[in-house]
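We just call them A, B, C and D in the order they show up, numbering each chain from 1.
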Amino acid sequence: MTHLFTSRRLVPIGVGLLALVLFPLLVPGSGEIVASFFNGAFGGRNFFNLYATLSRYTILLGMALAVLISFRAGLLNIGGEGQLVLGGLVAALVGVYLPAPPLAVAVVALLAAMTAGACWAVLAGLLERGTGVPLLIGSLLLNYPASFLASYAVSHPFRDVASGATQTFRILREAGLPRFQGTILDYGIFLIGAAALAYVILERFTVFGYRSRLRGYSAGFARASGFPNRRLYYRTLMLSGAAAGMTGFVAVFGSSQRFVDGMLTTPLYAWTGIAAVLLAAVRPGLVPLTAFFFAMLATGSIGMERTAGIPREFGQVIQALIVLTLAGFAGKLTAISGGTR
Amino acid sequence: MPTPVPADRAVCSLRNVSRSFGPVKALSDVSFDIRQGEFLALIGENGAGKSTAMGVLFGLVDPDTGHVEVGGTPRRFASARDAIDAGFGMVHQHFKLYPELTVIENVLVGNEGGGPLARIPFRAAEARLRDIIKTYDFRLDLQATVADLSVGEKQRVEILKLLFRDAQVIFLDEPTAVLTPQECLSLFDMLRRLQKEGASIVLISHKLDEVIANAERILVMRRGALVAERAAEATDRAELAGLMVGAQIEAPAKVNAATDRTVLSIRDLTVAGPSGKPRVDAVSFDVAEGEIFGIAGVSGNGQKALVDALMGLETPTGGTVLFRGEEITGKSVAERRAAGIGYMSEDRMSVGLAAQGSITENTTAGREHSAAFSRRGWLRKRAMTRHAERLIETFDIRTPSAQLHVGKLSGGNQQKVVVAREVSAQPRLLLVENPCWGVDVGAMATIHGQLLDLAKSGCAIVLVSSDLEELFALSDRVGVIYEGAIGRIFPRDALDTFAIGAAMAGGGHIGDKHA
Amino acid sequence: APALAEGEQIIYVTPNPIGNNAFLRLGREGSEAAAAAMNGSIASYESDSPPAMLENLYAAVGNGADIVVAVSFSAVDGVLEVAPTAPDTDFLIVDACPQGDRPANIHCAVFREHEASFLMGFMAAKASETGKLGVVGPIDIPFMHRFTDSFADGAHHLNPDIDVQVRWVGGQNPFSDPVRAKEQALALGAQGADVIYAAAAGGSFGVFEAAAEAGFKVFGVDTNLCEFAEGAMIDSALKRVDEAILQSLEAIAAGEDAIFASYGLKEKGMGAIAMDEAEAIAESGCLIAEMPAVAEETRALAARIISGDVTVNDPLMAE
Amino acid sequence: MLFDAALIDSVPRLVTPVLLAAIGGALCERSGVFNISLEGMMLVGAFAAVAGTFYTGSPLGGLTAALVAGAVFGLLFAFFSVWRKGDDIIVSIGINILAVGLTALLLRSLFGVSGQFDDPAIAALPNLDLGPVGDIPVLGSFLSGQSVLVWLAVALAFAVHHFLHHNNLGLRLRAAGQNAEALRTVGISPERIKTTALLACGALCALGGAQLSISNVTLFTEGMSAGRGWIALVIVMMCRGRLLWILLGALLFGFIDAMSVRLQGLGLPQQVTDALPYVLALLVLALSYRRRTRRAHAT
């Protein structure tokens, strides 16, 4: 574990945090701003903001996991958004319409969401292997039909007629993920955490993980070593899409209890997930940290607006500068140099 | 043209130059002159610092201490531009070309003349280039896209660049590694003509014979230092090899281990290629147990596609492949590996190895699913590590640990990892491509020894190499591949550089292939 | 009227950034007015996505709000979740209301936008010479049909043969894309529509520009927008959120439980400039000032709607 | 109902912002920079154009401000990605966030409004009236009365194409995209070339934004680029940076965009017409790649 903390990549994060501490000492009045940022990210009554950060972290980690799984194997699947949205939509539909006991509803919804995400990812894969459209472009373009489809579904055939909003009916209440008492955080964090752990174990200790990792290092090497590349390709995509779909399930069965149009796209979860993985240089050990970093930034700047009256745009500008600085001083990533095939 | 300078006068020199890359001392206190109109050679093992020395002269590498002198006065080259303006030209070890630009565009980049917004002077350049092409008999299509050219043609584009800008000091970093003997001859012909016209030539090469034959003065480098200077007519191969390595090297002796039990039998193997011309054209031959079958040819003539088809990386469009009596034509890579076929790719960094993987991960590849390394899909990490450590020991791989990324190893040690993995799998048939590219004399001897031992133990080996010396040292028979077809097959006792060279060029005379 | 309680803290929670959203701004003004009236404090928490709404509601309670004014449907689930944990806080949901029973501290104020839209449609039909009308809305979601469908209903009330075309802005930023909205309006204009109802949120400004270029007339939504489309805007469907919030907060202060208030023409929560006093109409800057006859007929129609003689269907309840 | 003069008339307006950004994107692509922040650069241009027009009282001032602001963002990108060797994707993400945050922040601090800024002082770019040409049926409204940027964009597509193939700097730019290290060995800094490309890209995207904010409409709304930069990126990728194809691709997208308005009139759900350009792009890509790979295999 020591190499993780001596990693070159953590230096800029450390410098950034140090600057956050030094900044208020040097610039009068800014102490309040920084304090309100940290209070916004971790404080509040009963540590409410910490739970909000963790809740956002759950979804971000899920999306980062989806990105990590594919990038690690050298597959540039950036269609996480579409896979997330379809996963969430399908989970909600099962949650609303399946006449079954709560536990069964939850399990079926989870499996259906994972399947939906996996299928959408595999579609991008079929496009690449069938016609040669690069995965990067195919998966990106598939995001749009997915979110328009979901938007249509909740605006018309499956909308909550009574509320009039663009959302599905509420899912079977007892099937939802339990919450930590009195907080916004639900047990989805365990599910995503377990999935992340399972992936780490899969990646470290199984033949599948070994092959997908080495394929990520070099596709040519994987071919010449006789790895079952076709299978590996589709399995990896499936796994990646399923992780995104699972995240959709967690978002729907967790805090919102239904699918609301835009709930998964406007917060830019998928893009932040990609940023987290790239910032971690596609290293599994660092991804949980970078994902947390982004969750903290988002919650902190909203909290800053609430308590210190600093417009969130200011927070956004700071966030952008941090991202740019990290990118500029943390070096180019090298791990996804392998081809896409 | 600069005014003629009397011979013996230094056109440029390195003075007490040192340069380190991290812990590696690439150059330590190196000084030498390049004289007007001379043909100088620079030799040394891998990593001796030859390319770095050139880089300093060419403004690509900043020396830590010391400086460059041009015409007797110290100069600081801020970039290659300054070196080019001083009349220097360089053909780099790895081609510096733009694959999707045309030949004329490749030549013009950086030498257009005029400001950045001026029009590209295509017309003037074309006239001049046609002249050069005619004078030196280059046979190049100026409008061809470089990606479509053969290696030899790419080499000529590099030289065309130098001629186009009238370079007076010409550096060539291992220019002949990929040329046929005939192409080498014409290259040296041309270099000598340039020399006669007043240019100075500096050649880096691992091929000692060609160095002795062409250069006038030879500098030997070892571990970043200049260790010897010899006049070409006063030295020989053995002395130079000794100077390079610092000790005498024994080339392993070829033993004839071939039996009459056929392992590999290929009939009419064909692989389609672009523009209807097959890349592999009805190739047939047999390889017996213990036999090393060499394949000679200018790279780009289908040897890569042939090996890929044998390994299952490429789908043949016709013909059959029998391995130990069983047809394997349509089998996958995995099935072939399981049956006992091994493969050492010439593309070490991306096909032979996963550079970011550890030694342990690399030495397991291809057998990760076998009972030795996994059980029901779970890796046996302990067994993998033990295996890697055993190989590090037996194959003398210099590394601090089995967990080191192979990308961090030196080139020779990287190749040893590949050899170790493939040999330890105890293959019945091994496909080998240019196993010693970029590998120094010592490591080369080790690798050759291992291949010979493997053959002795009964393995059949197909050896593709662009180095005729290597083929001659190892092969029982050598087939020459030209435009996808294997014409003559030379038995060991009929091996002859010029006959093979002629076959490599398509049987005709020099340069015919590219007409 | 019952006074407001003293020194309470109001927190105003919106589903989107307030920005230039006339409706949200009016809501803030209402909340501010209420806060001023009770010498209390006011803070606005703006959400930028559905999940952020819940976060803001929790934060509002966490920061000790006495009254939370939460706007739109996306507040419903969150308020239902948070309100039981904070029995001392009153929640006023504006523009939506939970189904069925609800805790005593959840109150609702909803609007009958369709009534005002109906009036706009009526006036548009009066003003049209080509017999072709258009509506531009942000996205095709049921709520927006209270503008589009009811506008058409109003027009058809006058003349069943009149043609009403609906266009949605859509795209990736439907509530704030004046460029696309303008294209839609120009296209409607090119097809002969000479009166267009601009219900495209931020995009409406694009519709106003199109009106200036192509010479058709427009109607606005939420507040008097005539200054932004001078000489082209006939009237606006007024949604008096400030008024509604004030009234509801007074009722809450009076101690009522689970208030449900619906604001339409009758309650003066919805309206039209044509329904104002003569003086206000004259100063409105809207074309309706020069159309006294139309204004008169509109007032009459409004009166019949208020009295129940004319029923305006609610498109939201239609499906 | 589907085709009328207004459809033809609107195509150039819808095409221009996307085309300008795509030309900028093409310069990056050809010089080997993976710039996915066209969206952000466009937004900055839209804002600067409105601010510049407002303060100088002339749309020319707006154009200048947009050019400068775009170029500054291009330089910022270059600093972090080319010179500091940051990852292009992360830098792009940073630039996009910065564009959104900064424009909104400036909107508040300069004009004291949020969400939207409009003011009578914001004058529109002049339209080119081609006189008698405007009277030609159908084509007339397509050609005449369009903003100067429309013509500039089309001219730029050809000019940049010509520049890439016939000017020294163009040659170097393509060379940088092919093999940056090789360029260094002839003494040209690939960093400088890439910086130049990014500078131009920023300026071009910003011009696209200006067309949005001071020609298509005359106001600024937060996030008003509304995905057009992403469409431009898709076109660049689809055409692999070839300018004449990009011109065609942008025309196609603009046409589909204009059509989607009409298709709603035919009763297609708005979400379907919205998804149409992307689905179509996928189909076109699939067909073109299919041809490309088949040719590579068969010939």
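The criterion applied here is as follows: contacts are C-beta pairs under 8 Å (C-beta built on N, C-alpha and C of every residue); 3 or more make two chains touch, one makes a residue touch a chain.
It should be emphasised that the depicted structure is a prediction, and the values quoted were computed from it without experimental measurement.
Novice: What chains, if any, are shared contacts of subunit A and subunit B?
Specialist: Neighbours common to subunit A and subunit B are D.
Novice: When the C-alpha atoms of subunit B and subunit C are each averaged to a single point, how far apart are the two points in Å?
Specialist: Each chain reduced to its C-alpha mean, subunit B and subunit C end up 75 Å apart.
Novice: If you average the CA atoms of subunit B and of subunit D, how far apart do the two points sit, in angstrom?
Specialist: For subunit B versus subunit D, the centre distance works out to 45 Å.
Novice: In angstrom, rounded to a whole number, how far apart do the mean CA points of subunit A and subunit C lie?
Specialist: Roughly 36 Å, centre to centre.
Novice: Starting from the mean Cα coordinates of subunit A and subunit D, work out the distance between those two points in Å.
Specialist: Inter-chain centre distance comes to 29 Å.
Novice: Which subunit A residues sit where two or more other chains touch them?
Specialist: Residue numbers touching two or more other chains: 151, 155.
Novice: Which subunit C residues touch at least two other chains?
Specialist: 139-140
Novice: Touching two or more other chains, which residues of subunit D qualify?
Specialist: 269, 271, 274
Novice: So which chains end up touching which?
Specialist: Here the touching pairs of chains are A-B, A-C, A-D, B-D, C-D.
Novice: If we count contacts the way the header does, which residues on subunit B are in touch with subunit A in the complex?
Specialist: Answer in residue numbers: 311-313, 332-338, 343, 345, 347, 350-357, 361, 364-366, 368-369, 374, 377-379, 381.
Novice: Applying the document's contact rule, which stretches of subunit A touch subunit C when the two form their complex?
Specialist: Where subunit A meets subunit C, its residues are 44-46, 48-49, 52, 55-56, 151, 155, 159, 161-167, 170, 182-184, 251, 255-258, 260-263, 266-267, 299, 302-303, 305-307, 312.
Novice: Spell out the part of subunit C that touches subunit D in their complex, as residue ranges.
Specialist: So the residues of subunit C touching subunit D come out as 17-21, 139-140, 165-168, 170-173, 176-180, 182-184, 186-187, 189-191, 202, 205-206, 209, 228.
Novice: Under the touch definition given earlier, write down the residues of subunit C that touch subunit A in their complex.
Specialist: Per the touch definition, subunit C meets subunit A at residues 43, 45-46, 48-52, 54-56, 58-59, 62-63, 72-74, 76-77, 85, 96, 99, 139-143, 316, 319.
Novice: Quick check on the complex: what are the subunit D residues that touch subunit C?
Specialist: Residue list for subunit D touching subunit C: 1, 4-7, 9-10, 13-14, 113-116, 118, 212, 216-219, 221-224, 226-227, 230, 257-258, 260-262, 264-265, 269-271, 273-274.
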